[in-house]
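Listed below are the structures to be examined.
Both complexes below contain subunit A, partnered by subunit B and then by subunit C.
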Partner chain A sequence: MLRTLQDVGTEKRRGAAAARTTAARRSSPVSWGLAAVFLGPTLFLYLVFTVYPLFRTFYNSLFVLPTVNIEQFVGLDNFRQIFSTDTIIWPAVQHTLFWSICSALLEIPIAFLLALALYARVPGGRIFRLAWFAPMLLSYVVVGPIWLWIYNYDWGPIDAALRTMGLGGLARPWLGDLSTALPALIVVTTWMFVGFNMVVFLAALHSLPGDIIEAAYIDGAGWWRTVGWIMLPLVWPTAAALTVLCVIGKMKQFALVYVMTRGGPLWSTETVATYVIKRAFQWKTVDLGYPSALATLWFLATLGVTLLLVLTFQRRPQHEA
Partner chain B sequence: MLPVSRFARYAIAAGLALFTLLWTAPVLWMGMLSLRNSAEFYNGPYGLPLPAHWDKFRVAWVEFGYQTYFRNSVIVSTGAVLLLIAVGSMAAYFFARYKFPLREPLYLMIFASIMLPPQVSILALFQMLVRYHLYNTLTGLILVYAASGLPVTLFLLRAFFAQIPREIEEAARIEGANDWRMYWQVMFPIARPAVTAVVIINLVEFWNEFLYAVVLINQQASRTLPLGIMFFMGDREQDVGMIATGLVITILPILVLYAIFSERITQSLVAGALGSS
Partner chain C sequence: MTKWLGRFTLGKRKPVESARPVLKRGWRSVGVAAVGAAVIVALASLGSVAPAASAPTVTLTWWSHFASAANNQKVLLNAARRYEQAHPGVAVKITFYEKEQLILALRAAFAAGQNTPDVYYYDNDMSEFITAGYAADLSNGINWSNEEPWAKEYFRRPGPGGKVGVWVLPIEKDTDELYYNKKMFSDVGVSVPSGNYQLDQPAFTAAVQKCVASGRSAFAVGVGDRPYPGTYITNYLLLHKLGAKDLLDLWGGGGRVTWNDPRVQDVLTYERKLVDMKAFPASMSSMKLAESHIFFHTQQKACMMPVGSWYTSRAFEPPDKSGQPKEFYGILGMMNYPALPGGAGNNLKFMQVDSGVAINPKSAHLQEARALFNEIAMPQTGEDYVSIAVAPTTLKIDPSKIRGEFAGYWKMYNAVNAVDKPAVVAWQVVMKPGMMDAYSQVINSAFPEGLISVADATKRLEEARTSGR
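Moving on, here comes the complex of A and B:
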């Protein structure tokens, strides 16, 4: 599997190169009819369900839309309101960024350590790898209820274990407590995605030049120094790519929050995504305009963060795994 | 490869086994709860499912609407995947093997939409689907899903088509195949491994999808499984046993596939995710 995973990487690179050469060698002109048949349906889907809604959201942000058919132009009022009177959006932004950063700091080091353990070719490694990866296949809506039960105050396993150990004072309704609700959700996404990060790290470790590592070890570098000075720097680009993926993924976070806490208690787990959706569909005042303005700003913010991360890490991430 | 002593290796394995047990405990617990009723659950939350109430699956299926939700999920995810493969693979092939003006910018524009947070376009999508009577319909959801899967599909398939040797194409050309037959009878069958990967990535994604579904579907008859679970929880929050049964019904198809094709699935999802970074 690991070998094939590397193949996927090289295939990609070869593929990109081949795409250029085949096209260059092929000189026969392409007719409009042919392009319409092969590209038409994709372009239709893309323009109608991706491009149009995007620009329509930008456009809607300048209006108040009490129903889908009535619109009142308000100019930049929605944006002004976001920056002056909205008391929920800033905590929501903070929670989202906090989530992104904590996840990256948790998922990636844990995944690296686990990958390192499996790299030592422990017995049963394949089973471990498959078991750790599995949570990623589950829907947030399935994961949510299970963890609601795990965090339950009356009979949840965490509080039950604390009480048995005589630490009942620490037991609490983890999702009902303002200070623990958000960290509790972060634990859940960590549980879901550590396995994925680990698989990628393991593939990267296996693609390292084995002789260099062995040479370092034989020269007396020792276990920890070989890991820290040779292997870690070599898999750094992989860690960078995973960080980008992790941060971008968490900036979209919606379903888990919606299922587990609905943003509560008292907005303490509200993310930008949940706020936009709640504001659009569950607010007392029905209006698509204001949430569109929020979404527009959030689009720019994610774009900015993505560019920032990619520039920070300098390289195109997909070449590294 | 670093030298690790035999003893160290077994010590690590023992530690990892314990860790893995803890890691999988939530899912195992859910599995046990799915076979116990809620009265048993409140008597002892961690008991074994003895006796096992297999009947709960029938009850959930027939009486609590999971039959409908399951059917809708199957229709939406397979419908969207079929549409996506038919449409997207042709485009990927065209991008890989034909030369035309604006080829690269056009491809990059479609691919870049992978970065779009879905909550940006969903407000306008809602408005649009309501206006064109696709709101609350499975057709609407299928179209939205298919469009959302385009970037990763084009990315993986284009790379695969690009590296198929030109000789195959020339031979088929000499045999007199036109572009259409060349694609469906020669190229598409060759691309089967890549197509399988794309099918897996999108099938898992669509089966689990929640945001589009919760915004675009608002009636019981059109709910997919994730929506069904959420509404069931809203109605019967205390019925932990029955909720667990619904969860197991939802993940069973995915887990069965994972048990059979585990390596393929991990590989495909990793390739898809890295491609999209």
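Moving on, here comes the complex of A and C:
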């Protein structure tokens, strides 16, 4: 009756095999026809509107298209020009990366704090949740003119308030000043997206196991220690995902810049996306080769940054509940 | 037999009344109702029978600007209706867009080669359409006798593959003007001479100084949504200093005249002086074109407004459509830009074609489109443009036929422009794309806003000129 380790191992293997067989018997084979019916339309749209334009852009980047239906193969010449003679793309890259980093540093912590406030059931929580989330529902075309008015030097509320408080010296054309134009736009996107991040954080906080938090209280941990040592590590995967989304979103920022500043003053708010559009549609040429090369490089850069962020956040140890 | 609760019992058939007569009556009723409805419809249609209108055999599609300019629309629709009356069987369908959306729609349609219009609006912001082969050569088949000769030559340029042709039928002329508020000038003690309607540099500087000292801006300029309003002052200072030939070389990147040229430096230094005097409004960077009009004629916060002669197409709308107030008509003045010491072109005035129409070379109705253009190129269109759209035209017109309430404005316009020699140069046409982008960022925006120095502006413009982009 003595059971050796070998017997235990054999039993385990037999049990696993039996479990696999049972599982195989339980799951019914997929009907490919049915899968095609349900997946087909979406896959078709994805191929037509995402995959094809992507590969077509890669293809166009190797050509110059001086007129309709004429393609001149230039190989990597467009890419060479980007690195050698283009003086606008590199400031645009700097602005875009600066925007991405600042947004992540602002949106994620602010959203977490707001979510924490709602989790702690501050009075008027429902109203605050709606008020903080509402900007997310507006499109850039609506947000842009609203903030153009807010930032207006003559009648905008910011400068009017400064003058009322006797600080008229601080009033300035926020979007017309080289040092404040880009930060002014960053404020706008922070205002827009902090609500979305807040809602996601709130869901994450509500899904935390209550017994761990109770245990922390029982052990004498105060509110902030509980937040810092228990809750924050547990919602870290959520924060990581939101950070990646935030950075990717700002790396393709176009609409707000186009509506509010068109890349000015003096290219100080030029982003890669706005520069690509200008080269493609406002450069007195129908050539899409060079802007396609810009778009291809930036696609690869965004992909690289995304992978880097994912790898970085994956290395952080996960605290299992 | 088991009796169940309810109506039915098992084991014994209960006789059921036949449903057939009921169904028969039902279907009969439906049939009668259908016949009755058909009779009613037939009787009703008898009263409204009209002979079927013969559908046009050809429909010319025309995509145009002026979605917000009702008066310009009237002019084009008048021309289209005259053409339709003269050519039965051909209909003209005009779709009005805002300009930016029009250009995007045209680029997309031509690039795709589908759903392109037969004819379309053209202006200087679309110069790539000619080299890309989107416009038909109008050298032949068009009656050019009613067009001013310089206007036809304006569009004689290399097209696709370097082939030289005339690609656009001009309609609207643009002369960049300097409007001013006569009452404000009078209040601050500035007088514009009636001979050449031009101040010299010291008098112009004094006018700017006096305007600013009275608590106003000297110029109503807004660059929030346009790449050119801030360039008017610089363009004219350069034209008057350099003359047309040297200016063309500077803008075109020929290399003979550079941004380091002492004359160019003089111009930039003078303009910087005006900037430092707060000649431009502080809200210039965010002020839109439409707002700058209001700033000038309704709010009256600026003494002068440098703007194209198309100012009237916005300002002469009713006040409730953002036009100038009625009382402003009596105090609207016009003058020439200042004369500069040692200037080679002090009597020159920019003159260019502001807009026209082009034919899609792949249109299936080329003959009809050319016939339409011959109708447009009639003096009637020019007279309509001046009288209804209140904008100058490239078509030869009889000034005595200018009608309407703005005849007085045209007297003033003709008087101011009569002393000038035209300089047919437009930076949007002659500059390379990279230079144009730099010019727009530096001269339109950053320099007049005082964000960069003369040296920095020179460096950036010279960099763009030498890059050849």
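Following the convention adopted for this analysis, the second predicted complex is superposed on the first by the 262 of 321 C-alpha atoms of A that agree within 3 Å, B and C clash if a C-alpha of one lies under 4 Å from a C-alpha of the other, contacts with A are read in each partner's own complex, and residues count from 1 in each chain.
What we mean here is this: a contact is a pair of C-beta atoms (placed from the backbone, for glycine too) under 8 Å apart; a residue touches a chain by one contact, two chains touch by 3 or more.
Just so we're clear, the structure is a prediction, and the values are computed from it rather than from any experiment.
A.B. asks: Contacts for A:Tyr151 in the overlay, against subunit B (first) and subunit C (second): which applies, first, second, both or neither?
C.D. replies: Second partner only.
A.B. asks: Is A:Thr190 in contact with subunit B, with subunit C, with both, or with neither (first, second, both, neither)?
C.D. replies: neither
A.B. asks: According to the stated criteria, A:Leu266 is in contact with first (subunit B), second (subunit C), both, or neither; which is it?
C.D. replies: It touches subunit C, and subunit B stays clear.
A.B. asks: When the two structures are overlaid on chain A, which partner does A:Pro53 contact: first (subunit B), second (subunit C), both, or neither?
C.D. replies: first
A.B. asks: A:Val142 in the overlay: touching subunit B, subunit C, both, or neither? Say first, second, both or neither.
C.D. replies: first
A.B. asks: Specify the partner with more touching residues on subunit A, choosing between subunit B and subunit C.
C.D. replies: Larger number of subunit A residues touched: B.
A.B. asks: Would you check which partner chain A:Phe281 touches, where first means subunit B only, second means subunit C only, and both and neither mean what they say?
C.D. replies: It touches subunit B and subunit C both.
A.B. asks: Quick one: classify A:Pro173 as touching subunit B (first), subunit C (second), both or neither.
C.D. replies: After superposition on chain A, A:Pro173 lies in contact with subunit C alone.
A.B. asks: Quick check for you: in the superposed arrangement, does A:Thr85 touch first (subunit B), second (subunit C), both or neither?
C.D. replies: Touch status of A:Thr85: second partner only.
A.B. asks: Output the subunit A positions appearing in both contact lists, the one against subunit B and the one against subunit C.
C.D. replies: Residues 68-69, 281, which sit in both footprints.
A.B. asks: For the complex, which residues does subunit C have touching subunit A?
C.D. replies: 103-104, 107, 110-111, 113, 127-128, 131-134, 160-161, 223-225, 227, 281-286, 433, 436-437, 441-442, 445-446, 449, 451-452, 460, 463, 467, 469
A.B. asks: Within their complex, state which residues of subunit A touch subunit C.
C.D. replies: 66-69, 85, 87-88, 148, 151-154, 173, 175-178, 262-267, 278, 281, 283-286
A.B. asks: Would you pull the subunit A residues touching subunit B in the complex into a rising list?
C.D. replies: 1, 4-5, 8-9, 11-12, 14-16, 18-19, 22-27, 30, 34-35, 37-39, 41-43, 45-46, 48-54, 56-57, 60, 65, 68-69, 114, 117-125, 127-142, 145-147, 149-150, 155, 157, 160, 191, 196, 199-200, 203, 210, 213-214, 217, 223, 226, 241, 244-245, 248, 251-252, 254-255, 258-259, 272-273, 276-277, 280-281, 288, 291-292, 295-296, 298-299, 302-303, 306, 317-318, 321
A.B. asks: Of all residues in subunit B, which touch subunit A in the complex?
C.D. replies: Touch list, subunit B to subunit A: 1-4, 8-10, 12-13, 15-17, 20, 23-27, 29-30, 42, 45-46, 86-88, 90-91, 93-100, 103, 110, 113, 115-128, 130-131, 143-144, 146-148, 150, 154, 158-160, 162-163, 166, 179-180, 183, 204, 207-211, 214-215, 225-226, 229-230, 233, 240, 243-244, 247, 250-251, 254-255, 258, 262-263, 265-267, 269-271, 273-277.
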